[in-house]
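One structure is given below, encoded as structure tokens.
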Amino acid sequence: MSVVTTIDAETGVTAREVNPRKRKIAPYLLIAPAIVMLVVAMGYPLGWQIYTSVHHYGLAQQFGKAAEFVGVDNFTTLFSSSTTWMVVIRSLVFCLVNAGLTLLIGLGAALLMKAVHKAVRLTIQIAMLLAWATPVTAAVTIWIWLFDWHHGVINWVLSHFWPSMVHFNWLGTPLGFYSVATLIVVWMSVPFVAFSIYAGLTQVPDEVMEAAQIDGATAWQRLTKITLPLIRPVLMIVALLQLIWDLRVFTQTRMLQDYQDPLNVDLLGTYIYRMGIGQSDFSMASAFSIFVLLLTIAVSWFYVRELIKEDN
Amino acid sequence: MPSTQETTAQETTTGQLGIATGGPVLKEGVSLRVRRIGKVLLALSGVALALIWAFPVYWMVSSSLLSNTTLGKSTPTWFPSSGTLNNYRTVLADGRFFDALSVSLRVTLLTVFVVLIFAFLAALAISRFKFKGRKGFVLALLFIQMLPAEGLFIAQYKMMANAQLLNSVIGISVLYIAAVIPFTVWMLRGFVAGIPAELEEAAQIDGCSPTGAFFRVTFPLLAPGLVASGVYAFLQAWNEFTVALVIMQEPTSRTLPLWLRAFVEGSRAREIDWGAVMASSTLVAVPVIIFFLFVQGRMTSGLVAGAVKG
Amino acid sequence: MRKKIAAALLAAATVFTMAGCSDDTPTPSGSDTTTKGQDITFWLVGGDTPDSAREYLIAEYNKRTGGTLTIVEQTWGSIITNLTTNMPDANNTPDVTEIGNTQSPTFTNVGAFLDISDMYQELGGSKLLKSFVDVGMVDGKNYTLPYYFGSRYMFYRKDVWEAAGYTEMPKTLADFNAAVVDITTKNPLGITDFSGMFLGGQDWRNGVSWVFANGGELAKLENGQWKMTLSDPNTIKGLQQLQDIQLHASMAPTTAKDQSPWLYINDSDSAVEDDESVTTTALSAATIMAPGWAHWSIGDLVNDERAWNEDKFGTYVLPGNDGKPAPVFAGGSNIGISATSKKVEGAKELLRIIFSADYQQILGQNGLGPANSDYVSALGDDQFAKALIESASNSKLTPAAVGWAGLENSQKLEEFFSKIADGGDVTALAAEYDAILTPLLNQQ
């Protein structure tokens, strides 16, 4: 069934003799399945979210009590709370640090892959694939085990250099908590970034680099003046995705918090979750979700703007 | 962590210097030696990077082979020389792993399959056609990706309960498909745009049918892109567990991440059975690793094409 | 594959139409009046209920009604989510469900459970554990009843206490408090990071025992409104004792909760090694407080299983100021019928089975405190049973306030207790958290 559609579509696109009317309808037919899917799966939840964000909706309402319309009250309450702003600031910092580290390490790994012998490159690639392929639930569990304050191997190693680290409780302070969370997030995200950038690097023509070398450009100059500009599209996309993903990081921090929680380390995702599922304050959770959407758009504005421009 | 990253960056620069001095303009012995040392340093840092990245996975597998007595020792056991498969036996004893594996496989395959078709069609539309509402569609795709999922559970449950799709592979797949489509459309857009329509037309002039032209010319060029987006969809569907927690409640309809989570939680109530937990983590990771090694070659070339056309 | 897509599309279409037209809670349809052949679902939380008890319930239910009882095991981590989504949904609600006793007030207050006041006498009446019955009541009506109770008592290392010069356990709370500080200072075995009494900084469930033991409370009902009473003089007194223990007797991380404290009282390296490598012991606490069933996790390692060693380990009930058992925070859970259940008769029959003499005894034989005091003797008379019964004799529950579950989930109590453990000013902190927590208590 699907194949037939595809081919019809293809003919619609490519064959010259297709009449103009068919050409007009074709794109809408092509995007229809995706749109139907999105509307089906997202339509109702999105509507519910908007509805609850302007009503008083808690556990009692979930059990059938009428929900009272409160206008923007939920948003006012939310934004007059200092906790909310702390969560926002923490999440932004966390996102920037994580995305930054991931990009830097990813870029480094990609350059390294390009420069080394094939056998070494393959070793790096396999190691990265292993990390990439490890499901997040398993990954967080491994890292918790590595950092376990009592039996963890990391404390064991560190205690040989700094005896005070013998029972150091990494997840006991916010800083330690975020460090472990950052390690997990970076460890899991670098492979995708490294592979994408490496893929971009392989497309940089050797002749260009050789020419630059003959002209006496240093390695640093070649990197900043030639390589990076050439792979800019990849870097842009990868950066955008990292920003979006790291801003909405949830599974990793939630699992860590389930295990040990130094308190007040909520990021955007866990904060929404705590308000909604945890405290049954669904209005607040919805109102905050809508705000997070706007915040994400703002953070990725550089890309959104480019996207709009490009299309004009 | 920062130190690793610094060394990597440094070595890289040194390495390129090495290549630089050994470039077309040849100087004598000194530069050759520099070049060789650079190469060795680079290779070493490459191996170091690989070791760091692989270590957690190694530790997972190694711990999964050890008994809790061994794991509880104050000195870590670096090589599981006394290893047994006992933990795996414990974990697999009740057969729930295979139920979960079957659910996860079905959900993941259905998601990947549908996503690839729908996303490809949509990508075709936005890269080959100018139409009214195109920009709106592209922006909508981007914004949907940014919507936090943590506030949607209750509504998603209500919707699935009304449609009587709780605990069903199709129900959860519908949610996953919608969650993955935006990004895959985006990814495929670059590939489709990179294949000139003229190629197919040329093939048709050469006597190919439209179908033949598509399969012989366009499809092979597109395959790496489909693999790359397929990998993305695969990972999302395989790893997700917060929506699944709400939708897949029956013990027999649990996906692998839920199974793993229930296992960790059940174990935590008494004393965390790290050996068994690591064994179950390994079991969840293995199918993905196999899948990855399988598509690895194509995936990298897929990312290449995607990257350039971005 | 074609079929699959068609199915997916069909499904998608169904979701779409359904989601479009129907909304909110479906009203429960009229319940059947006969139990004949009713198939019902029962949610148990966690693995505490042993398999033999589950099998008994299924067999007995089938015998009495001819219907099938399906038991679904939920986890404590996701039970709130699943109750929130499923209980209002008549098609997917469990007919009977277990619920944590601190979670019960929140759900009973919003009408999640069926009024079973008419069955109260039949199921045991005043014989049922009162504090648990109370958290299941709203306006004098019974919605949830006790399922089983647990209690908290102490496990201690006889060898360590003796090495520090204590051959007999303290008789009063004040003596105990002083003893654990003394043992910590002496550290007779010279252990790194040694705790005389291991108590996590965020562990309010165990820590609150010192509040209760001094006659303090967490909250009180005043004129229909709940009010936190952390600043009450008795509560303050208990918190100060707790702080003293935290600062001078416990090396537990301030982030530790009540999860698995027994890890620190066992020798984890006691297994015999072939090589003569120096194995330092992982033992790091002389005393811990834990739910009674923790004794399964305490002992020497024999063939990779923990075996209780009477020479090394002992049980001990925290004494109050008067030497009698101090009131501690009770463990355990409640049980009730979902208000949206369509199979009320079957559900009621299940409750009758659960509160029957046979089942109550099965619970007791498995170390779970039976809800009905007539069957407590089924727990046996070993030291664990004795400690359980003795400590439970005076046990308390958290306030039956509508906002309690939300308050627990806000983690403010963990925050408060960990600040106390860090050595903060008790009076000032109590006043601060009274103000923060009181609104949460009454929030619906």
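Per-chain numbering from 1; labels A, B and C assigned in written order.
What we mean here is this: a residue touches a chain if its C-beta (ideal position, glycine included) is under 8 Å from a C-beta of that chain, and two chains touch if they have at least 3 such contacts.
Nothing here was measured: the structure is a model prediction, and the numbers come from that model.
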Which of B-C and A-B has more C-beta pairs touching across its chains: A-B
Of all other chains, the one whose Cα centre sits farthest from chain A: C
Centroid distance [mean C-alpha coordinates] between chain C and chain A, Å: 37
Computed distance of Cα centres, chain C from chain B, in Å: 39
Length of the line joining the C-alpha centres of chain A and chain B, rounded to whole Å: 13
Sequence positions of chain A contacting 2 or more other chains: 2, 37, 40-41, 44, 62, 151, 277
Multi-partner residues of chain C (at least 2 other chains): 5, 12, 15, 19, 24, 77, 81, 84, 263, 282
Sites on chain B at which at least two other chains make contact: 72, 74-75, 114, 117, 153-154, 158-159, 174, 177, 261
Contacting residues of chain A [partner chain B, same complex]: 2, 5-7, 9-11, 13-16, 23-24, 26-28, 30-31, 33-35, 37-38, 40-42, 44-49, 62, 101, 104-105, 108-109, 111-113, 115-117, 120-121, 123-139, 141-143, 145-146, 151, 153, 156, 182-183, 186-187, 190-191, 195-200, 202-203, 210, 213-214, 218-220, 222-223, 231, 233-234, 236-237, 244, 248, 250-251, 254, 268-270, 272-273, 276-277, 282, 285-286, 288-289, 292-293, 296-297, 300, 304, 307-308, 311
In the complex with chain C, residue positions of chain B that touch it: 67-69, 72-75, 110, 113-114, 117, 153-154, 157-166, 168, 170-171, 173-174, 177, 245-246, 249-251, 261-262, 265-266, 268-272
Partner chain A, residues of chain C touching it in the complex: 2, 5-6, 12-13, 15-16, 19-20, 24-25, 77, 80-81, 84, 87-88, 106-107, 109-112, 192-193, 202, 253-257, 263-264, 282, 339, 405-406, 409-411, 414-415, 418, 443-444
Chain B-touching residues of chain C, taken from the complex the two chains share: 1, 4-5, 7-8, 11-12, 14-15, 18-19, 22-24, 46-47, 72-73, 75-78, 81-82, 84-86, 89, 91-92, 259-260, 262-263, 268-269, 271, 277, 279-280, 282, 296-297, 301, 304
Touching residues (chain side chain B, partner chain A) in the complex: 1-2, 4-5, 8-9, 11-13, 15-17, 19-20, 23-25, 39, 42-43, 45-47, 49-51, 53-54, 56-57, 59-60, 63, 71-72, 74-76, 114, 117-122, 124-126, 128-129, 131, 134-135, 137-140, 142-156, 158-159, 174-175, 177-179, 181-182, 185, 197, 200-201, 204, 210-211, 213-214, 218, 235, 238-239, 241-242, 256-257, 260-261, 264, 274, 277-278, 281-282, 284-285, 288-289, 291-293, 296, 299-301, 303-310
